[in-house]
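Working notes, beginning with the structure itself.
Letters A, B and C mark the chains in the order given here, with residues in each chain numbered from 1 onward.
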Amino acid sequence: MTQTVFAPWDDPNQKPLIRFQNVTKRFGEFVAIDNLTLDIFEKEFFALLGPSGCGKTTMMRMLAGFETVSDGRIELSGKDIGHVPPNKRAVNMMFQSYALFPHLSVWDNIAFGLRRDRKSKSEIDARVDEMLKLTRLEKFGRRKPHQISGGQRQRVALARSLAKAPKLLLLDEPLGALDKKLRQDTQFELMDIQESTGTTFVIVTHDQEEAMTVASRVAVMDEGRIIQVATPANIYEYPNSVYVADFIGDVNIIDATATPTGENTYALNWIDGQPPITAETKTTFSAGQQAHLAIRPEKIRISTERPDEAANALQGKVLDIAYLGNLSTYHVQLPGGQVIKAQTANTRRIARRDITWEDPVWISWSATAGVLLEH
Amino acid sequence: MKRMSWFNVTSLTLGFAFLYLPMIILVIYSFNASKLVTVWAGFSTRWYGELVQNDAFLDAAWVTIKVAVMSSTLATVLGTMAAYVLVRGGRFLGRTLFSGMIYAPLVMPEVITGLSLLLLFIGIGLDRGVLTIVLAHTTFSMCYVSVVVSSRLVTFDRSLEEAALDLGCSGWDAFRLVTLPIIAPAVISGWLLAFTLSLDDLVIASFTSGPSATTLPIKIFSAVRLGVSPEINALSTIMIAIVTVGVITASLVTKRNAVRAEADTRAAERAQA
Amino acid sequence: MRRFALIAVPYVWLLALFLVPFIIVFKISLSDLALAIPPYTPTMRDGIGDMFAAFDFENFVFLTEDDLYWKAYLSSLRIALISTFMTLLVGYPIAYGMAKAPDEWRATLMMLVILPFWTSFLIRVYAWMGILSNEGLLNQFLLWLGLINEPLVILNTNMAVYIGIIYTYLPFMILPIYAALDRLDESLNEAAEDLGCSRMQAFWLVTIPLSKNGIIAGSFLVFIPALGEFVIPSLLGGSGTLMIGKILWEEFFNNRDWPVASAVAVVLLLILVIPIVLFQRNQQKQAEAEQ
């Protein structure tokens, strides 16, 4: 481990900033958060990712203090904050709707939290100006929220929640209301601001691309549980379940029975009458155990001739081609009827593409291209 | 999942108790056997019996209903026309004066409206009676109708009318076949509003009525000026009962229609899928 | 042609039955009392020229000289102001509670607020006569509780008038405030708390300013009719309750002094113009803000 890599979660001596310990949250009969344990470290940009209703917003609201914990405890810097009201927490939140006070100017919105701390006028002035500068809003201080654009409102909301220099900033779908182009620009802006202020960010999002772009670590949630917590690269390359593999990016899942053929290598029988697939994994499977092979479309090669050196090669027929400009995705139907997606970069002009609909093609991938999953 | 704080529960409970207790007490005491309205002397329907035999009250009730039906119908026609002119009339000479005359009666103290109409009727030598009350009530309630109807017309999708014209309707046909059916709920609530305003009115009716026509509110007012009377309690109870039944029926019908419309939509969606 | 008729019918109706009567009131307010039918002079029969020549502001001068009138105007203003403020104090918590109530209750609560509108105003005022009188239920209740030893005199005082105005005009206060609170985004209050406000501070700094338009609209809707109120002061108020609506009525029906009654009406109207214009401006500003 070198000094330049930021990975406090791998360092057993690091104390987490936030610690969820067996936290459960019930609304009547409904269990929103189910016995959840999680550490988040200082200076992290942590993303809670999941479909709507998975409990990510509840977790954020518990951190902010708007929901109480039914069971377990939440610690901030080692102290239980379970019964600290929202206005007494060194935690600030950027609301999904931005929740800018419509009757106050941009300047007064940013100063709102500082005034509650009874800071002196000069301190408030300096801090608000600093925040306006940070978010490039110097010219808009006197305007009311309805007199600025959506992107500017988003920055006001960010400035307001950062003004009190919280230990932890919560961002609830911070970019959800922006259009795609603006969202991408703003993602990088968020990362810059997070880095320059050194604040710990926890972001809630349902957009996996956004989570992958901004976060140092991503927690994939489903039905009140965390399925996997890892860096974006590990989540993508080493998902721990079909659910995660499927939720993040595009994936082909091949269901099969595993037979060990050597140390860490398995032969996968996926359909009768076809040769088995070879796959390498560090997970141990017993002979005849059900397994799911997850392979990303870009890890699969497509060619008109049978490739010479490939651990796995299957013949099929092109069903569909989705042309995305920089990439093309081919839907290839295998003899058993299963459709496999293969992706290639369009490095050549489209006129010279040699594969078209109904063509018989070969798809191939190496033994380490896919991940073998138990469930 | 939202739980209400004790403060909100308390303020709602006290608030609605304040709004409804006086009327509930009135209803209870209308069944009091005693002539002394503040002392409970057992259950009795005696006052209802006396009320039914009181010809003066019955006559007044009849006059009131006649006036209310006539004035609210007239007011609905005029008010709908006025709303249409306000929302769709475009520019015409004296538009500002017109909209001013629509809104002014809403905030005008009744004593002034009543006084001014009376002076007009005397000025032109019109004998005061049912006709003058109807004219007076129509004038102020048409303004309420036009406010109710124009608020509906503002949200009305104009392209519906244009479609009707495009398909060959004349302007009047487009109004009769397309606009009117769609704004009908607003027109009906305008009529109901005008009707209750007329039933309710004491001040304007006092100014504009003559000895030949006394309305129920005038009768009630002169009776209660002398103090609380059990007969008036009985009469009030009957009026409260009519209104309650009416409003609850109306809201149930609206709700049933909404439920039915939703069920229809769902069935249609299912049929499509 | 049809368009002309459509505009002309309601227009002429309002001109004849709304504007013309006003002009008559104004004209009579400039005339003198006479023992004739109609009981004022000059009339149109004296000829237009003579009629205008005989006009004077005597009645208005009279209103300023007799302190009954300006006392009544002042007292009306005071009663309307106090009762508007009290209605706000009673109405705001109810509107707030409604806005915080579960969604499935809202329609019912709304109906419960509107329902009294449909019941006779006169009956609603009358209902309080039996409650507030010396032997009334309120006094019986308080005596039974032991809070008082002898009945409180409430009926026929200004207090009874305040209660009557609060009671009858409460829905006018609740509805606009409820509308404003209902539009209020819950996350604004959460944001205020998140930034360090206590619940109470968030209420004063966020909820109150953002329901300001509802408060203003509701207050005008109570204040304007309360100012010219007649039924409430005459049934619940006493001989000491001076309200201009009552004075006008008595001037007209008891004293038969039409010119003075008309002058009273004209002045009342002039006083009302200010709150009406302010109210109108507030509504317009709100409509513009919503666009």
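Keep in mind that, in the parts below, a contact is a pair of C-beta atoms (placed from the backbone, for glycine too) under 8 Å apart; a residue touches a chain by one contact, two chains touch by 3 or more.
Quantities reported herein were computed from a predicted structural model and do not represent experimental measurements.
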Any chain that touches chain B and chain A: C
Highest-count interface - the chain pair sharing the most C-beta contacts: B-C
Chain centre separation (chain A, chain C; CA means) in Å: 60
Euclidean distance of C-alpha centroids - chain B vs chain C, Å: 18
Sites on chain C touched by chain B in the complex: 2-3, 6-7, 9-11, 13-15, 17-22, 24-25, 28, 38, 90-91, 93-94, 96-98, 100-102, 109, 111-116, 118-124, 126-131, 133, 135-137, 140, 167, 170, 224-225, 227-231, 234-235, 245, 248-249, 252, 258, 261-262, 265, 268-269, 272, 276, 279
Residue ranges of chain B in contact with chain C within the complex: 2, 4-5, 7-9, 11-12, 15-16, 18-20, 22-23, 25-26, 29, 37-39, 78-79, 81-82, 84-85, 89, 92, 94, 97-98, 101-102, 104-105, 107-112, 115-117, 119-120, 122-123, 135-136, 138-139, 142, 146, 171-172, 196, 199-200, 202-203, 207, 217, 220-221, 224-225, 227-228, 232-233, 236, 239-240, 243-244, 246-247, 251
Chain C partner contacts - residues on chain A that touch it in the complex: 64-66, 85-87, 91-93, 95-97, 99, 101-103, 112-113, 116-117, 160-161, 164
Chain C residues touching chain A - in the complex, by the definition given at the top: 185, 187-188, 190-198, 201, 205-206, 209-210, 212
